[in-house]
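Look at the two complexes coming up: chain A is in both, with chain B in one and chain C in the other.
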Partner chain A sequence: MKCGIVVFPGSNCDHDCYHILKEILNQETHWLWHKDEVDLSSFDLIVLPGGFSYGDYLRAGAISRFSPVMNSVIRFAENGGKVLGICNGFQILLESGLLPGALMQNHTRKFICKNVYVRVESSETPFTQKCNDKSVLEIPIAHHQGSYYIDPHSLSDLEEKGQILFRYCDAKGDISESSNPNGSVGSVAGLCNEQKNVMGMMPHPERCADPLWTNIDGQSIFQSLISQS
Partner chain B sequence: MLAKIHVTFKEGVLDPQGKTVHHALNDLGYDEVLDVHIGKYLEVKLDSVSEEEAEIRVREMCERLLANTVIESFRFKLVSTE
Partner chain C sequence: MQNEPEITSQLVKDHGLTSDEYRRILDLIGRPPNFTELGIFSVMWSEHCSYKSSRPFLKKLPTEGPRVLQGPGENAGVVDIGDGLAVVFKIESHNHPSFIEPHQGAATGVGGIMRDVFTMGARPIALMDSLRFGELDEPRTRFLLNGVVDGIASYGNCTGVPTVGGEVYFDSCYNGNILVNAFCLGLAKADRIFLAKAGGVGNRILYVGSKTGRDGIHGASLLASSEFDETTEDKRPTVQVGDPFTEKLLIEACLEIMEFSWVVGVQDMGAAGLTSSSFEMAHRSNAGVNMDLSKVPLREEGMTPYEILLSESQERMLFVIEPGHEEEATAILEKWGLDAAIIGEVTDELGVRIQFEGKEVVNLPTLPVVDGALDLKRETERPEYLDQVGHLNLTELPEPARGDKAFTKLLACPNIASKEWVYEQYDHMVRLNTLVLPGSDAAVIRIKDTKKAVALSVDCNSRFCYLDPYEGAAIAVAESSRNVVCSGASPIGLTNCLNFGNPEKPEIMWQFEQAVRGMGDACLYFDIPVVSGNVSLYNETKGEAIFPTPTVAVVGLIEDQSKVMTAGFKQSGHCIGLIGFTMEELGGSEYLKVLFDRNEGKPPVLDRKHEKQVQDFCLELIQKGLIQSAHDCSEGGLAIAVAESCFGAEEGALGATLELESTLRGDALLFGETQSRIVISFPEELTDQIEDLALSYPVDFSLIGKTGGSQFTASINGKEYIKQDIESAKEIWKTSLGRYAGQTT
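Let's turn to the complex of A and B:
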């Protein structure tokens, strides 16, 4: 699988993503600089990594979505290419309109950095096909602006179309207010577009995918992508 | 010309900062405070455009960048600086 990792000014999870894809999973991996508008048609996967692109000024992702590279990413996505946005990458995908809804400040008004559990809501996507439906993954979050919002009508639309891929839950997979760390509507932690080739999630799978650590739950997402290329 | 722009959360979107300040004001004894909304205020200085043109351009700036219309609404005033 040929992977591209976009580097924005302020990205800080780009090297983690590179390490997992290139060194741990042995995939051909390239850097993509935010100022370069390039042809991405030879790539299988583009990753928008976490971080604080453009200092999160105005709103997280609001400025980065106008980077030249995003024109390439949008074209790539429109042609069916797979795009994975993690944390700040998810915020950029929402700001660019590739995914519906918005991310707001956590309802606790605090930056949250901890391990959380998410339940896999659909394994019928390129990003989750190696996961079992309703299985529970332990993946860390680290964000201040991660409370997902969409109006109730659009939320049920996402549910009907199987676009919600992950919900915050407890260790058993039960969903409640106390297992929802940031106040996201419907406990949504990750979702995809209707065509199921663009996915964004707040938790960081690249931070739990190296076998040097005890938890490698994040690998299932990368393995899902690798298995079909 | 100066555009004075206010960006606030739409009705029905939870504003955690506003809620906290609301409670703080009530705790200080300002019981008449019913609700607080916190938003952004921007001043955008414009070079030699007519008011009609500025109206269109500033609206476009708000829709494209300054506000996320999924969760925020905006309003602005144009003030002559001459």
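Let's turn to the complex of A and C:
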């Protein structure tokens, strides 16, 4: 699989994604600089990593959507290319209109960094096909603006079309207010577009994919992508 | 340019200089300084920059060792870890700014310490903070706690450097003067360490980073180098404002530039900004510097040379590069969107000349400015309070029949309760190196592309230091080292942050002298070199000094990542053992404070030889794979240490049953803070092997109980002393601090 990792000046999970894709999973991996608008058609996957793209003093991801590289990413996605946005990458995908909805401040109004559980809501996508439906993954979150919002009508639309891929849950897979760390509607932790080639998620699968740690739940997402290329 | 004020004795005083010091300036430069030059002396001779009160004492610290590549005196210390790599680390205070403006004060403290580390060519890979606030009932404490934690989070998280550990304490002695000590560790190639050098004549001075503004002027001289009083609020403009995004750009750009051989020297513009960076670089290379302030990128119009030189605007660096590489350098900086300008060059004059708008505004020799402040021979005198608090008569202290109440009260007290509310606000995982997450004895960071890891711990029990600064400081070294050992590491270096009151008072200088001696003696005995440090004096408000707080951070090396140890019990049915023995010591304990609101007596005795054996024994057990957990006994004593190991179990909480035999008072046995003790757990079949090894040292070792069940129970001589449901106990411990911090009144 040929992967490209977009580097905004304030990206800080770019090296982590690179480490997992290149060093751990042995995939061909390239950096993509935010100032370059380039043809991405030879790539199998583009990753928008976590971080604080341009400082995010405004709304997270609000400036990134205007960067030259995003023109390339949008074109790539429209042509069916697979795009994975993690954390700040998810925020950028929403700001760019590649995914519906918005991310607001956590309801705790604090940055939260901890391990959480998410339930796989659909394994019928390129990002989740190696996961079992309703299986529970333990993946860390680390964000300040991760409370997903979309109006109720659109939310049920997403549910019907199988676009909700992950919901926050407890260790047993039960969904409740107490297992929802940031106040997201419907406990949504990750979703994809209708065509199922663009996915954004707040949890960081790259943080639990190195076998030096006991938890490698995050690998299933990368393995799903690798298995199709 | 505006007319400069005339130099009067009042103006000299307002600059924090004494009349003796002013006379010395006249002697050294042979003429009266102009206004700008007076400002330069004011910051450079301030306590904060010159260490004039502390330097004579600091010479007693051991600073050398086979691994030490750079000791104190540079931006940070450097210690070799093999494989061609070195760790670069330092801890530094940002106390006064954080009390006045907690968010920005703490944020810029983090920014400053990170710059000290990447200035040396190291990529920052871990942050820690030692935080001390006033008592919970003090109305400002909650505000300060929230502000400081938020400031650290906003800065560290954005730069992508994980905050992996630290400590948080509350005591009324910090009501009027909190402590924010920030630690950073970076990783560098051992043969590519950059120093603050200017090199040869003709080298270019390159200004990099944020534009210079009017913030932070006199932060070092007036804010950091005087006590707090009624006018403190007026000093808010001396607090700098941080921009972590620019810091992130600066890290990446600087590390990229430092790949090139034409980079001669680097210095960050921290305290005393452009002044200290230019004078110090020139001085260290026996050279001079010629600069034109008209070329400095400015944030606002109409800034005077005085303001430009004394500004402490954040996220700025000064590079010295060989001529002919200006364009290469600026191209890299532009790529990262940073301001850059060549503002001067290196000369052979042994002085600094500064022009502004075509006129020379400063012409000073470097030596008097950098090294001219007289080392003060501060008087020392043993404080009288020691006679009042030094004795604790245990026979007068009522002894409870059972320990349940003390157990739960201690678990809820914020000095012992889980710091989860704090560290969950910090990104402690980014960069995929954090092998041991916050909450264990030490944070453990793997070193990528090697089998190694480093362990980090920051410690100081300031109550002990108040009762006996010598022993207290020695205990801080021992405990920090013990924490690192409990995670499987051998200590390789130490950095300190010495927080004390007003050095003009002989009692404070006595505390300082004692603490530095205690630290030095302990470091010498445990063979841990002090490689960097920082002194913060004048931590007083209206004459009330903080407890002496000589914070230390010990860095340890783990040769094999697979041999990392944590504090949590691993499995039901394992044996619990105690390395070391318990004495009847309650002086200065958390138990005495929480249950009786007293801080009295003598701190626990530290037997250095015994301590060393305990640590060596524990390390051997870990390296031989004989034990499953190791946890240091500190605040709250044995009961709390075992409880914390129960709470640290991977799935929920694991109960424990302790069966103790002792002639000591029950409270001293379970809650006393005797040093040199480590709680370990291991499979039963290894008991003989562990006992044999203990005998061979010899070191005291006893089997004290078993893991398992849903209760925490402790019995003494067959009589039940504590019995608590472990899940409820964990809930109290886990949520106490967050409930306090989030409480709205």
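Methods note: the second predicted complex is superposed on the first by the 229 of 229 C-alpha atoms of A that agree within 3 Å, B and C clash if a C-alpha of one lies under 4 Å from a C-alpha of the other, contacts with A are read in each partner's own complex, and residues count from 1 in each chain.
Following the convention adopted for this analysis, a residue touches a chain if its C-beta (ideal position, glycine included) is under 8 Å from a C-beta of that chain, and two chains touch if they have at least 3 such contacts.
What you see is a predicted model, and the numbers here were worked out from it, not measured in a lab.
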{"item": "Which superposed partner A:Q105 touches (first chain B, second chain C, both, neither)", "value": "first"}
{"item": "Residue contacts with chain A in the superposition, chain B compared against chain C", "value": "C"}
{"item": "Partner chain in contact with A:E206 - chain B first, chain C second, else both or neither", "value": "second"}
{"item": "Partner chain(s) touched by A:D217 [first = chain B, second = chain C, both, neither]", "value": "neither"}
{"item": "Partner chain(s) touched by A:G183 [first = chain B, second = chain C, both, neither]", "value": "first"}
{"item": "First (chain B), second (chain C), both or neither touched by A:C13", "value": "second"}
{"item": "Footprint of chain B on chain A - complex, ascending", "value": "58-59, 62-63, 66, 94-95, 100-102, 104-109, 147, 149-150, 183"}
{"item": "Touching residues (chain side chain C, partner chain A) in the complex", "value": "150, 153-154, 157-160, 243-246, 248-249, 252, 336-337, 423-432, 435, 446, 448, 561"}
{"item": "Interface residues, chain B side, partner chain A - complex", "value": "13-14, 16-17, 20, 65-66, 68, 70-71"}
{"item": "Residues of chain A touching chain C in the complex", "value": "9-13, 15-16, 19-20, 50-52, 54-57, 110-114, 140, 142, 144, 204, 206-207, 210, 212-213"}
